[in-house]
Every structure is written in structure tokens, then in C-alpha cells.
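Labels A, B, C and D are assigned to the chains in the order they are written; within every chain, residues are numbered from 1.
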Amino acid sequence: MTQPTTSIQKIGVLTSGGDSPGMNSAIRAVVRACAYYNIKCVGIRQGYEGLIHNQMSELGARSVKHIINKGGTFLQTARSEEFRTPEGRQKAFDHFKKNELDALIVIGGDGSFTGANVFHKEFNVPFIGIPGTIDNDIFGTDFTIGYDTALNTCIEAIDKIRDSATSHNRVFFVEVMGRDAGFIALSSGIASGATNILIPEEKDSLEELFESLQKSEQAGKNSSIIVVAEGEELGNVYDLAKATEKRFPEYDVRVTVLGHIQRGGNPTCMDRVLASRLGVAAVEGLLENKTNVMAGSRANKIVYTPIEEAIKKHNEIDKELIKVAKILAI
Amino acid sequence: MTQPTTSIQKIGVLTSGGDSPGMNSAIRAVVRACAYYNIKCVGIRQGYEGLIHNQMSELGARSVKHIINKGGTFLQTARSEEFRTPEGRQKAFDHFKKNELDALIVIGGDGSFTGANVFHKEFNVPFIGIPGTIDNDIFGTDFTIGYDTALNTCIEAIDKIRDSATSHNRVFFVEVMGRDAGFIALSSGIASGATNILIPEEKDSLEELFESLQKSEQAGKNSSIIVVAEGEELGNVYDLAKATEKRFPEYDVRVTVLGHIQRGGNPTCMDRVLASRLGVAAVEGLLENKTNVMAGSRANKIVYTPIEEAIKKHNEIDKELIKVAKILAI
Amino acid sequence: MTQPTTSIQKIGVLTSGGDSPGMNSAIRAVVRACAYYNIKCVGIRQGYEGLIHNQMSELGARSVKHIINKGGTFLQTARSEEFRTPEGRQKAFDHFKKNELDALIVIGGDGSFTGANVFHKEFNVPFIGIPGTIDNDIFGTDFTIGYDTALNTCIEAIDKIRDSATSHNRVFFVEVMGRDAGFIALSSGIASGATNILIPEEKDSLEELFESLQKSEQAGKNSSIIVVAEGEELGNVYDLAKATEKRFPEYDVRVTVLGHIQRGGNPTCMDRVLASRLGVAAVEGLLENKTNVMAGSRANKIVYTPIEEAIKKHNEIDKELIKVAKILAI
Amino acid sequence: MTQPTTSIQKIGVLTSGGDSPGMNSAIRAVVRACAYYNIKCVGIRQGYEGLIHNQMSELGARSVKHIINKGGTFLQTARSEEFRTPEGRQKAFDHFKKNELDALIVIGGDGSFTGANVFHKEFNVPFIGIPGTIDNDIFGTDFTIGYDTALNTCIEAIDKIRDSATSHNRVFFVEVMGRDAGFIALSSGIASGATNILIPEEKDSLEELFESLQKSEQAGKNSSIIVVAEGEELGNVYDLAKATEKRFPEYDVRVTVLGHIQRGGNPTCMDRVLASRLGVAAVEGLLENKTNVMAGSRANKIVYTPIEEAIKKHNEIDKELIKVAKILAI
């Protein structure tokens, strides 16, 4: 790439929405890429709240040292109610101008992108989004930042639960995160040898589940792990456990909700590399006068997707994975 | 130690009650110590159930290879209702004799020891107990097998939760295991920098908790972790969270129940070494004609405590730790 | 996919060459897919050695339980000198026939595939390869099984080294594996915030390295991590450290060779899922009468690459990653 | 404890010598205990160097937030040559007075304590030492801060090596740290199921080692891990590996030097709790006018040992552990 020519001299970066592991790596990459291209970089605290309330400060290359491997986001994140109002966005724009910012980089999920899109339309603020969420539910990238770490947190937890399950001949219902999407459940379920994986994208029925548990028993399995996406429509883990206990009173049924451990932790190598790449790509994109797009990675190549496409479209659950899950649970 | 002289030629080993990390290391040590002293060793499956239903098989030194680092118990464990009946124990004794066993080694907690004690009184079966439980609630040993691993599982989980808590300015209630005892909560709470630690051994009040949260806020803390023992009498984490939300509607309060991940996982070095030492000590104790005792470690020395003392007495919560927790939460 | 029709009734599976995390997950997937499609599956021990010396046994669906998360390969692996001789391969074929095998699945790297290719040509034995190596140096797949785990092992180790480096103002040379390829070094270097990454694919010079170290110092870095691929042509870590000490006597220079820890460990989620997918794909490929190909994953889709192409061609180092590494080391 | 009365109003804290995990936890405890007792606390950078060169700043309770779980030492550490000279110590004392410090807390090993002792004698500076080293070679405490973490780093690494060793029928020599002491080698060797453990405290011979390897082979072991302390007098791992290869040309012998990964990493629960306790105890000790002592923990109780005793005496290797190692390697 040749040195880009552009009018952009100062970029603001913020993290918004739910936090995810690798956000710090992405901020670091944005800051360092700005330094590399001789652009000023300003860190905005607590997402759009920091823009509204003018909480921001310049970040030099050294200010982001030793954070590539830290979970969470040192800029903090928030869901800003005020930014949903025209008044809030006006205040945000006032501070955007006052601080002489030329563009924004927004690290977050579709809610955060929606906000940026509105802000862009109202005030013509150039911005690029970076997909940072554990849920992997953003179109325009094969993986979101934090997804791989969350998957590994899940399987390490389920490995531990399995130790206990097999020591006791137990049936475990394990709820994993993912909002309306089953990506985390499907991949972590396959990777942890779950006998069943319940995700919102598939029609599940209690009878199928019960049949499968019986089949497992007949096949000689002495314990079962059922991984359930939080968005599963058949019921939550507690309801499913109760129904199972009622149907099979002889089973020793337990429930674990993995919860917020899935949002934290040191990012994996894949998440750090992805975050590093997308952070650089976002800065370079702005310098090439791209705007209102999301920087993503598809088939290991950087792609920029129009933000409205990223918000509206959805990655589909991979049918191959559903087949693999079924085969391996035999 | 000189080669012991004894009439014991064949020892049965079982794991009973809740599983804990390091049980496999303890079984391995029992099996290898038997091999070392030219004693036969028989593995009994699923605790007392395996004795009642004659599920056991001889274990040679090689049969326990590569298990020192595996969580759970490959002999499986169970809580046997049948063993609580005289008929059950009679069946157990019949199989004990039929398999020409001379003594038992019981790895478990106080419930398991109580069963062994009754069995001993009725049938004069020599046995030694090994404390295997994550709860650390057994008298006669400074640490139980699995406790250190559970502590590390807790703090790794809470470290992850902290990433998310500090990214969002949140108050987190985290429930850890420990039955009626606060050992896990107290140590993991100190180690994870909890602002409050609620344990059954201490009288806690909602007002103190609220005051402390307010003080934390005034001291400039932007997030709080409150570690709660499952046996806490003030209420469970959900109740406490609700009360806190009611009192401080502006707080973003969340709950995580760590659950069964605390029972599994590869044992830590300390648990593997402790389990190895106690497994050897149990075999040596039987060969020295000790019986109806528990092998434990106090001040890094092996001690044998009469089983009734181990059951009835309780380790006290260390007042120094409570003080340290309070000082560090400033 | 419709139920495939084929003459294949019995498949042998082996792991060959260097071991890598996820090989067990791949074996499990092969065994379970065979069970699912009503095909017999035979596990061959120690790679081609087991074929030559007739060490194999049938594997049912339950025989591979609880191994998806275990490092190494329970079938063991070996580099067979005998299989490189016509006599050795004749013996191997004799046992192949004697055991009524119809096809082979070979999990390993290019050396193992070369052997299979010769065997195929001599005896017309149908086979499919699965890329199992930490080095990621196999054409026809974006990732090899074990690569992601090795990367994470590397960055966790380098994170620890960084703790010490920053506490002491030190320059660390860290050697990572990868044979002739720099994939592990490049990705783990980016992910661990290395100031320099030396890989065989790039021309490096001592002067550039020294300049870069000086620039780092001037930029205010108080410690540096230099990640070096084992195949780096400029010299090994010890030579590089010596040259650096000579040039900058005031530096506190240290060396760590990560070594064999990179080959072991519980596979990551990505490696487990990849191994699961490729194991199923290999069985399905054979049932669809594919042979002499490698099952791989490109852009998250299963692809079958002619084995000779997989052996001869090479994945290229991603120029984008080299650029990202350079930018972030500013 | 009643609120202590003392003339001490301002305490300086530093970390010195080799870094160890948990040093940050100890600094945090010192800082917070000072805040709790209304004493000022000053952090001195890079050990005695910071005293000599006046690099120090006041630390409030919030300044040490979120470091309890971070490896290394944020104050940095160093081995100061200048502090070994009277001139250096004079400069140090000048800055000690200029900054109105009343006492020092020195976190480090015996070299650091020796320096503090000389400083105390020359200038009558009150100080308390806290044992921070992975080597566990300090008298007056059952465990040093960092030892437990280093042990767990070792066994996690050796677990990974074992995956590879058992997949290949290999003999692995693994060098662990510990300077002249075998504590790390002995405990990590037992915990990782080593067939042999070579430590400086025991007379070892090549012939015994070879006999043992042969015995292992005859006993049916298909791989061996030999853990070697870095201070082992029989030779370093490379020499031992060469001698073994010469004696048993048929063995596949490998070497891994774990190296500096042992000094880093997030501290374990035990190290965090120990560091927290000793940090508080050091502050309280000074407030009670104790000086020239080390705060340690024996049998889980805080004890203060005269610093000269801590330096001169040595913890002995536990004979019970040596016996256990031998029995379990059968």
C-alpha cells in the first residue's frame, strides 16, 4: 500500500455495547496504525457516552503497551441511552467538532453500528466499524473479535463439567451466550463432545431431545452434556432440566449457566491477530476515504462491508457443522 | 520407614460423595504404593455402590498411568442410599469378604467417612480415609484434595468477570461453592480482590453490605465484585442482587453462579502433591495397622486423625484472613 | 448428503509423523463417522509401523469417548524408516489385506502423505489424508490441525515471559517451532506484541534488527520480545542473542526456546472443530470414492486437494500480516 | 489487633532481585494496608536503583487496583551493583531521608535481604522483608511468593510435553528453575509423574539413572519424563541427555529447558493470598516497631524471622517427598 493521501488528521476510537475479549488489541492496533501513518488518535471513554460528555484524551503509541493480551476494554464501554436521542447526538457532534476529530472508529456490535449509521447520516461524520462481540452475529466478517476467546472459555468450562459429569453419571444442561444466535453453542458443543446442541436457528422438540437421551443411554454413554444457546426457543436450561427430570426421574440432572465468564479473559491468538488486522484496516480504510463501512475478514482477506448491510444481513449457521454435530454424537 | 509387617495383603480403594480434582492422583498413589509394598490393590467403582454390587477389579501400577493430571475420578463416585441401610452394608461386607479384601481406603468427605465408620463398627473392617472434597471442611488436615484447584478455578473465572465488570462499571455478585463453609469464598475473594466476601461463618447484614458498596463508590472504585458462599445465610446471590438493585437503582448489578466448573479441571500442583502424599500415607498407615483414621496433612506433616474426630470437629475460618480481606478492600 | 453407496466396508486410521494437538479429535471423528455410516473402523498404532507390524484393533463409537479434548494421539505416532523401503511397504500391504481393510485415513504432515502416495501407487490402496501438524505448512487447507493450539501455547508462554521482561527491562529472543515455515512465528509474534519477528520467508539482516532495537529504545520501550522461527536463516536464537549482546553490551539479553510444549496440550476449540470436520469429511470422501486426496478446509468449506498438490505446493506467508506486524511494532 | 501506635508515617516499598508472580499482589497489600492504617506509602522503582536514583512516587489505595492478578512487578525490579558500594548506599540513604521515609519494605530473595541488612546496619533504617522468589529457598516461611505459581507453570508445561512423549515413546529431560535448590524440581516432578527427579540436595549417579530407566522400560512404561533442577550437580539436561543417548542408542531422547516462563504468569490463588497476608503483615510489623525481620508464613501463621536467620539458614528438602517420589515412580 502506498502512503495514503487524505484530509483526515485526527481519529477518535471508542468501544461500545457489550465488551468482548480482544477489544483492547483492536484499540492498540488503531492507536499504533494512527501513529504509523502520522495521524492523531483520541480515545473516547465509555462508548458514545464519552463523546456526549467529552471524556476523551489523545493516545500515543506507548500508551497502549502491554494491553494486547488483556481482556475487556480499557476505554470502557457502555450502552448509551442518550445517544439514541437527537439531543444526545447533537452534543456528541459538538464535542466531535470541538476536539477537531475528522472520523470515528467504532468497535462494537450491530447496535453500536446502528448508532454510528444514524450519526453519520445526521452529521456526515466519517466512520468505520470494527466487529467486536462474542456472539459472531455480524454479517461481513467470518469471525467477530472475541468469538474465538468465548468459544475457548466455554470448552474449558465444559471440559471441567465433563470431569464431574462422568464421575457421577450425570446429565448436564449448559447454557452458553450468543443472544439470538447459535454460533457459540454450535461450535462449543461440537468441540466439547455434547450429545445435544440446542440453538435458535434449528427447530428443536422435547421429544427429539428425550429420544436422543435414551439413544445415548442405550449406546452406553454414562453421562450427557447438552449445550443450549441462551436464545433457544424450546426453553431455558432450567425449564429443559425440569422437563427432563420429569420424563426420566432416574437421571441425575444438573444445570450450569456459564454467564459472564464468557465475556472476559485474555484474548486467544486468533482474536488478537484478527483485532490487530481489523484495527489497522479501519485506519487505512479511513485514510483511503472509505466511510460508513465495517472492516471485516472473510476467507482471511480484509473486506469492507457497507454498514447497513452489516446490520441487516446475518451470517447463517453452517449446515455442515450441524451435520458434523449429529454424526459425532452417535 | 522400614518395610512394614502386617497381615494386610489386599486393599480396596474407592471414591465417594462429590467428586473433586485430585481424586485420580490419590487413587494412583494408593495403587502405586500398594505395588511398591507388594500388596494387591482393587479399584471399587462408584463408591459404596461398587462394593454392594460387586463392581471392582484389580489395579496394577501401569493401570493408573497418565491419570495424575486428570480431573474427576476414573473409578467414579456416587452417594449410595443403599449403603445407609443395614442390608446394603451387609451386601457390601459380603463382597468385601468374597473378594478377599483386608482393608478399605475411602477417598471422600465427611459423609463418606461416616459411612465407613459405621461399616467399621459393624464388621470390623479396617479402613483409612483420605479427605477428597473441594470444600476444605474436614478437620484433621490443613487442606482437602481439590480445594486448591477449586480456588484457582474460581479466581480464573472471577478474573474474567472482572474484565467485564471494569469495562462496564458493574456490581457483580458471584456465588462460589463450599456447602456450609466459607473457605472457598474467603480465599478466592481475597485473591480476586473482592470488595465484599459473604460467608456463613460471619454475621452479615444488608446494611453493612450497602454501606460498604457506597464507601467503595466514594473511594473511587468503578466496579465491585462481591463473592458469596453458597451457604451464606443472608440470602443467595439472586436475592442479594435484587436487594442491591432496589437500594441502588443506578447500579448495573449482575449475578454469576460459578457452579460445577469448580468440581472439575486438572488438579493443581499442590493438589497433586497432597493427593500423592495422602495416598501413600493411607497405604502405609494400613500396613502399620492404623485403622478408623483419616490421613491428613498439617503444617506439611502427615497426621492420622481418628475418623470420628475428623467428622465431628471443624476447621475454623482463619480470623487473620477475614482481617486481611477487610484491609485490602479499602 | 445422501447416504453414499460404495464398496468400502472397513477403514484403517493412523496418525503419523510429529504429533499435534487435535489428532485425538480427528481420530474420534473418523471412528464416529464410520459408526454413523455403518462402516468398520480399525485403529492402527504408531503410524505405518503398526501397519507393518500388524498392531491394530477395531474401534467402536464408545472407544473414543472423552478424547476430543486430550492432546497427543492415543494411537501413537512414529516416523517409520521401514515404510520407506519396498519390503516394509509390502509387509504393510500384506497386513492391510489380511485385516480386510478397504482404505486408509492418514492423519499427519507432508512426509506422511508422501508415504501414503507411494503406497497408493504401488498397491492401489485408497486413502485420504488429514493435515495434522502444528506447522501449518500444508497446501490445500487454511489451517492444519494443531496449529491454533500451538499458537495459543506460544502466546501464553510469551505473555509470561513478557511479565519478566517488563519487570527487568530485558530483551528476549524466543524461538518457536514451525520447521521451514514462519506461520507460527508470524502469528504468535503479532499476537504477543513482539517488536521483531524473524521468519525464513523474509530476508532479515542483523543490521535491520539492531536498528529496530535502537528505534524501540528511542521510542521509549523498556523491553523487547523478538520471536524467531526455528527455521530462521539469519541464525538461531543463541547466535542472535550473542550478536545482540556484542552490539549492545548494556542490554540484558535472554533466550528462551519454547520447545516441545508447543506440540502438546488440550486442543483449542478451533482445532477440535476443524479435526471433527476433517475426520467426518475423510470418511465421507472415501465413501464417495475419492482417493489420493487430502481433506482440508478453505474459507470454512471442505475441499479435497490431490495429495501430490498438497505435498508440492506451499501456503504463502500472508503479506498483510507482515505489514500489520511492522505497523504495530512502531 | 488494636490500632498500633508508632512513629512511622511513611513507608517505601520496592521489589528487588529476580521477579516472581505475586509481587504485584504483595505491593498492593502493602499499599492498601498503609492506607488502612493512615500511613503514607511510596513506591520505589527498580529495587535499590530507584532509591539511589530517586525514582519513587506516592501510591494511594486506588493506584494498585486490578494488579492483584497480574504477573511481574509494576514497580520493576533490578539487581543493583551500585547498592553494593558504600557510595551507592549513601546516595540511597540521602534519598530515603529527602523523601521523609521512615521505613522500607523489601520484596525479594536473600540477595535483596542481605542488601537491606547492610543498609539497616549502616543507617539504622527500619525495614521488613517479604520473601518473593519462585525458588522457595528462604528460611522462615513455608512458601515464598511465586513458588506455587512457578510449580503450576511447570506442571502445565510438563503435561503438554507428556502428550508428545507418550505419543512417541520418548524420554524427555526437562530442566526447571530453582537456583541451588531442588524444591521446584521435586514438587513439580511428583506432580507431573516424573520417573526420575534430579535435585542438588540428593547425590545422584548416572548408573542409578540408567538402571531406573531400564526398570521403567521393563515395567512397561512407554515414555519417561526426567525432571532436573537447574542446580543439579550431575550435569545439565543436555549432558544428561547425551549420556543417556550414548548408553541407550535405541531411545528417542529429547530436552526441554522451561526457562523464563516460570517467572511470569498470573499468580495462583495461594500466591495471591500469601502475598496479601505478608504485605499486610509487613506493614503491621513496622507499625509494631519490628525491624530487620522477614514476614513469613509457617503452618499458616504469620511469623517474623530475624533477617540474618532468614539469609543464613535454609529450608531442608522434605524427606517424605523424596520417598513419595520414589514410590510413585514404580
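Miscellaneous remarks
Here is the rule we go by: contacts are C-beta pairs under 8 Å (C-beta built on N, C-alpha and C of every residue); 3 or more make two chains touch, one makes a residue touch a chain.
As the structure is a computational prediction, the values presented were derived from the model and not from experiment.
Fewest steps needed to get from chain B to chain C, stepping only to touching chains, is 2. Taking the mean of the C-alpha atoms as each chain's centre, chain B and chain D sit 28 Å apart.
Note: centroid distance chain C to chain D, computed from Cα atoms, is 36 Å.
Per-chain CA centroids place chain A at a distance of 39 Å from chain D.
Of all residues in chain A, those that touch two or more other chains are 159, 162, 166.
Interchain contacts close the chains into one ring where each touches exactly two others, per the touch definition above.
Interchain contacts (touch definition given at top) occur between A-B, A-C, B-D, C-D. In the complex of the two chains, the chain C residues touching chain D come out as 15, 19, 21, 23, 46, 70-73, 76-78, 153, 157, 159-164, 166-169, 172, 254-265. Considering their complex, residues 1, 28-29, 32-33, 35-36, 61-62, 65-66, 68-69, 142, 148, 151-152, 154-156, 159, 162, 166, 187-188, 190-193, 219-221, 266, 268-270, 272-273, 276-277, 280, 298-302, 318, 320-321, 323-324, 327-328, 330 of chain D touch chain B.
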